[in-house]
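First up is the structure itself, then whatever we jot down about it.
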Amino acid sequence: MNHDERRTGVWLVGARGSVATTAISGALAISAGMVAPVGMVTESPEFAGTALPPLGSLVFGGHDITQTPLPKRAEQLAAAGVIPADLVTAVRHDLATIDSELRGGAKGDDRRCQAEASAALAADLTGFRERHRLARVVVVNVSSTEPPAVHRPEYDSLPELEHAMAREPGVLPPSSLYAHAAFQAGCPYVDFTPSTGARLPALAALARQKAVPFAGRDAKTGQTLVRAALAPMFTARALRVLSWSGTNLLGGGDGATLADPAAAESKSVSKQRGLTAMLGDDVAGATHIDYVPDLGEWKTAWDHVGFEGFLGTRMTMQVTWQGCDSTLAAPLVLDLARLTARAHEAGELGVQPALGFFFKDPLGAEEHRLAEQYTILCDWARRL
Amino acid sequence: MNHDERRTGVWLVGARGSVATTAISGALAISAGMVAPVGMVTESPEFAGTALPPLGSLVFGGHDITQTPLPKRAEQLAAAGVIPADLVTAVRHDLATIDSELRGGAKGDDRRCQAEASAALAADLTGFRERHRLARVVVVNVSSTEPPAVHRPEYDSLPELEHAMAREPGVLPPSSLYAHAAFQAGCPYVDFTPSTGARLPALAALARQKAVPFAGRDAKTGQTLVRAALAPMFTARALRVLSWSGTNLLGGGDGATLADPAAAESKSVSKQRGLTAMLGDDVAGATHIDYVPDLGEWKTAWDHVGFEGFLGTRMTMQVTWQGCDSTLAAPLVLDLARLTARAHEAGELGVQPALGFFFKDPLGAEEHRLAEQYTILCDWARRL
Amino acid sequence: MNHDERRTGVWLVGARGSVATTAISGALAISAGMVAPVGMVTESPEFAGTALPPLGSLVFGGHDITQTPLPKRAEQLAAAGVIPADLVTAVRHDLATIDSELRGGAKGDDRRCQAEASAALAADLTGFRERHRLARVVVVNVSSTEPPAVHRPEYDSLPELEHAMAREPGVLPPSSLYAHAAFQAGCPYVDFTPSTGARLPALAALARQKAVPFAGRDAKTGQTLVRAALAPMFTARALRVLSWSGTNLLGGGDGATLADPAAAESKSVSKQRGLTAMLGDDVAGATHIDYVPDLGEWKTAWDHVGFEGFLGTRMTMQVTWQGCDSTLAAPLVLDLARLTARAHEAGELGVQPALGFFFKDPLGAEEHRLAEQYTILCDWARRL
Amino acid sequence: MNHDERRTGVWLVGARGSVATTAISGALAISAGMVAPVGMVTESPEFAGTALPPLGSLVFGGHDITQTPLPKRAEQLAAAGVIPADLVTAVRHDLATIDSELRGGAKGDDRRCQAEASAALAADLTGFRERHRLARVVVVNVSSTEPPAVHRPEYDSLPELEHAMAREPGVLPPSSLYAHAAFQAGCPYVDFTPSTGARLPALAALARQKAVPFAGRDAKTGQTLVRAALAPMFTARALRVLSWSGTNLLGGGDGATLADPAAAESKSVSKQRGLTAMLGDDVAGATHIDYVPDLGEWKTAWDHVGFEGFLGTRMTMQVTWQGCDSTLAAPLVLDLARLTARAHEAGELGVQPALGFFFKDPLGAEEHRLAEQYTILCDWARRL
């Protein structure tokens, strides 16, 4: 329980994106007492007794492949109604300082072999850790969603993977390369996106070998969150769900990415998986993801549930969720960074199923019901 | 675990109503293997190991103040789409047999003193128990909702209450008179409605004295059920709910009763109480109950939730629930009868907070979160 | 205005389908005074002075490729809640009589040349007309939706089409073969479905040559109907619609057909066309059609409209429509039969744009705004 | 058609309110070419040929009883997301100039006799007209909604009214006093609110005597607008509406006013009146207005329509409207000012039923159907 005095690094892959910029701006504003920590799970009373690194002790850095400076991104988010304009003004100076800690990221067309590419990324992490004399650095991937990776045999064996990486570029997709670099540098890693990331047997082996924890994947912030709260209601009441249909209307950068049917498909599949886990596999219904530019940073999700009750009577429930994606996601980045840092400090290693509360596709866990996930999370955090 | 071989009586106050008729018809049809027990909590896998009285061992009787025979009521419910028509045909004979077990109920204008009135009701219960040689009889109040009772000092003391009842008519409202009679006859009692029922200190004392359990009140089957599943999601995610507004459109007999603003008001108040318990007391928003005859036996509830996330951003969620009230309520009547019978058999007495899962206004319990209530219920049922 | 004394034939292609069975059962029940003509446009006060054939003077026949007798289909629709059960009992005898007027329809695998196939269908029509000494026979296509036809050069020229039909099977899709047979037999034709039907230049030429009117296509009964009422509101108020997104959840036979992405796609495209006509072509948004079996004969459509008002402020409207498709479609079949019969009697020939009020994709008309279409329809009906 | 060269005055009662401030800021920004005139009916193509005063020729003044300067109110509206912040910056100087044209308004506790009070208000109007050498001044009441006025016999006779006003304070409610002053000063008057305003026989007589036009009342900008577009759809399709229920959630100043049940009641009644006019008087359903502070300047309206189709089948439609009230209302203030000014120029006098398109409770008109109102408006504007 005796918490390391040194500060904790949070290294964001995709550090200039909406989620990252909102998370960093918010951490600064909350630490400065400008605004209450609404939306941060780890600031709620249940976590009062846990030994998490204080919000004010977090130091930010990250990789990105674009150059737009953080203060500029924050202004764009203010114009879109995600961050209050006066708050951006107040943290602009700190954002500029953090901006100088950001480094160029891994690009798909990198011609070096991946052993070299990974080593360069790992060097960014160790440099950051040493420069700021940090207790540890947690890497959180909040970069753009990748298309699903085609499986390669090397993914199942660490020696074979490292053999291939020593000779070739392009063995791992970027999200997995970042995970490899993190583990090499002894850093915990969190998959905030649905990308492949650490979810390969070879990388899981590396995490254990380097004694670092990891968690993922794909933060649940809207429709899936609501489904995880509502589906267990039907089960507990023995009501038979016949169909669960959904449509997501997304604006923003993420919407544009998901306008690509391949990317959207992989997101839809992961959404339906949770329903199956909670309700069984004979639930009909498709889930659509549509790009609707005028929604800006907002997302609207409509769900229609058809269910059967006593003596076969059919009934329905509909839900419309209208949320701001970055607003919902950003505090969870901070929560995950703190919890994973504490897990590392406490000696946890490998996949962390207790963090399933945060994810659509919880690595290492079968539990999808929100209330149960929350109980597991709180117990785990208290025990650490 | 060694379950009493004799059968269990279920005595329904309001036995000719929609909920009661659906519950009885369904119990018959399910016991005969005609239809699966969808909607019955106690038939789901979690309750497999519990020693509840089998559904087929239940024997039905009840009080009502109308004369419409049960088979006729069942046909009306078939016409309204609540019970399949072929199922009514199949159970018509058994319904007619049960109809002969029904007795006239307590009327508001009864001129006898209430000691006498209660004794007559209790005699109906003991007669039923002896006639069928039942292990026990559980009384469930599913009669029309009463207006809130004006408090009288006698309600707080059993001797004073019995003193008044020995001399006057009209001391207790009918729902409480039924509870008094049930306890006098050594029968467990369940308040399925929002009426006063057993919720008076004097009656709680009587239940303990007679060593019978009781539970209540106001079964949650729609909007409040959904709220109990959803409100904890906001709390767990540290999202601040600013307003929770709702409108209920009700057809049917219950809708006509609640068209009376006084009755509706008491229902609205009990609905808002759960929200306050889960979300704190600074949540704005009114809940309306409107009578809309064309909805027939159906109910539509619309909820609008305004909430605040990270850095003050405002978001909304809306839910539309379209349910058939009697379909949702009837299986819970059977669940409560079985669970309360088992509690009685196991020697439980007084208020049963573990049954809060079923109620809008759970007697003896502070917990309103559905998942937690479900865990408590399952643990309790396994332990009994 | 002096109306032909003889009765009018209504020949339904797909006569054993849900829409046809509901239309026939309803016409019988309304004519017998059993039920009010709710849903029939031509029975509303605006049409009081028009010389339409009375509902009781309609005589039904039709083609289908299945054998299920009409009384049996009507019972199935009663079980599904589309037709009241007692009404089916009352008209069962008349349905059986009509069933004996039904004939086998055109099949895709017919090996005869299409001139011969068309002549056989036309003979069914003339036989029906003569057997019942009918003033005229209107053919309405309410059979299953076909996939879009691949264009052939013969479709643009009547002589070339007839040349090809004289030698080959499979030149025209079934819906167009029925139109050809109708025109050959001197019968007006209505395309109730989105299938190709009469919408080929060669067939339009044949209709003019045979002096018969025709109309189509794809009756609007749900989402498109609502859009035709709502889209003009935005235009009249100078509000700029940025996106109009929609999801249709369909049960029933039609849903199963549209589960085929190709068929659904053609329906979606025709839906978007109306929006473009009313709102211009820079409106974003996709429209999905999903098959959700538990909805049975019901359809749920959700629409989300994103729009911009004064000074760029973004606002939204959502609509959920829950309708019974056959209930909505059937009365329009009767309306169209009566109106087209009257048009024929009045000497109208070729495409009838004034009937656009009824259709998603109004042949011969550019107007998609519902109120304007209604004004056009009423004026035309009065003038005929 | 030869339009008066001089400029037109627009005098807003409630000039420092949300609607007025948005209207003035927008007029300035549009005239300056900063933003397109989205939401302004009179800037759409249908009005291209009409001789309305150009937007840039409008000169603003007004009465209010608060002192908050216009630039400050505009900033508040920018913070609430109603007006873009950069636009407020751009027009701040002009707003300050207009602010100097605002005058103190009529207060309820004025101890002068109302003849004197009216003369003082009229002097403000004539002073404004002369100071700016305006062709005419249109008065538009956009001040806070008053409670319904208790009828007095003097309201029915102009001589008796003027007799009473010559002796007493408090004869007319403020909205009617403003109308009286406007007519005395020869100014057209528009009732944008549900307050009594010009809708008294004595004032109508005065308007005719002074040869000025007037119009009202209660601009329709949300739920009633949607109802006026949708209700005729049911009528045209002969679908029988059984119930139309609604809930309005309002934030903002208007919401706080309507939290007073008396004020809300009068608004609800006027809403239901339109439905009755369009659908007949046996439509069930209540309409609620709730104050929900977290909605800020936004309003959410939910409508549930229960209707019957062919053969008695019941169906439903739901609509959720999420609009920014001032955004929707402000452009209509400009439209009404321009149209009423033109009517005055063209010699129209007394009530103007052709402006019913804009109002919930259209004075002098029975037509509530939006499309028909629009046709009437366009025809009238072209003819003027």
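Order as written gives the chain letters A, B, C and D; numbering starts at 1 within each chain.
Here, a residue touches a chain if its C-beta (ideal position, glycine included) is under 8 Å from a C-beta of that chain, and two chains touch if they have at least 3 such contacts.
Bear in mind the structure is a predicted one, so any value in this text is a computation, not a measurement.
If you match contact pairs by residue number, over half of those in A-B turn up again in just one of A-D, B-D or C-D, and that pair is C-D.
The interface holding more C-beta pairs in contact, when C-D is weighed against B-C, is C-D. In this assembly, the C-alpha centroid of chain B lies 49 Å from the C-alpha centroid of chain C. In terms of their C-alpha centroids, the spacing between chain A and chain C amounts to 50 Å.
Chain D has its Cα centroid 44 Å from the Cα centroid of chain C.
Along chain D, residues 81, 308, 316, 318, 320 each make contact with two or more other chains. If you check the complex, the residues on chain B that touch chain C are 81, 85, 320.
Every residue of chain C that touches chain D in the complex is listed here, in rising order: 22, 25-26, 29, 35, 37-41, 43-44, 81-84, 87, 225-226, 228-230, 232-233, 235-240, 308-313, 315-324, 327-328, 330-331, 357, 369-372, 374.
Across the complex, chain B is touched by residues 242-243, 245, 247, 249, 284-286, 288, 290-296, 300, 302, 304, 306, 308, 314, 316, 318, 320 of chain D.
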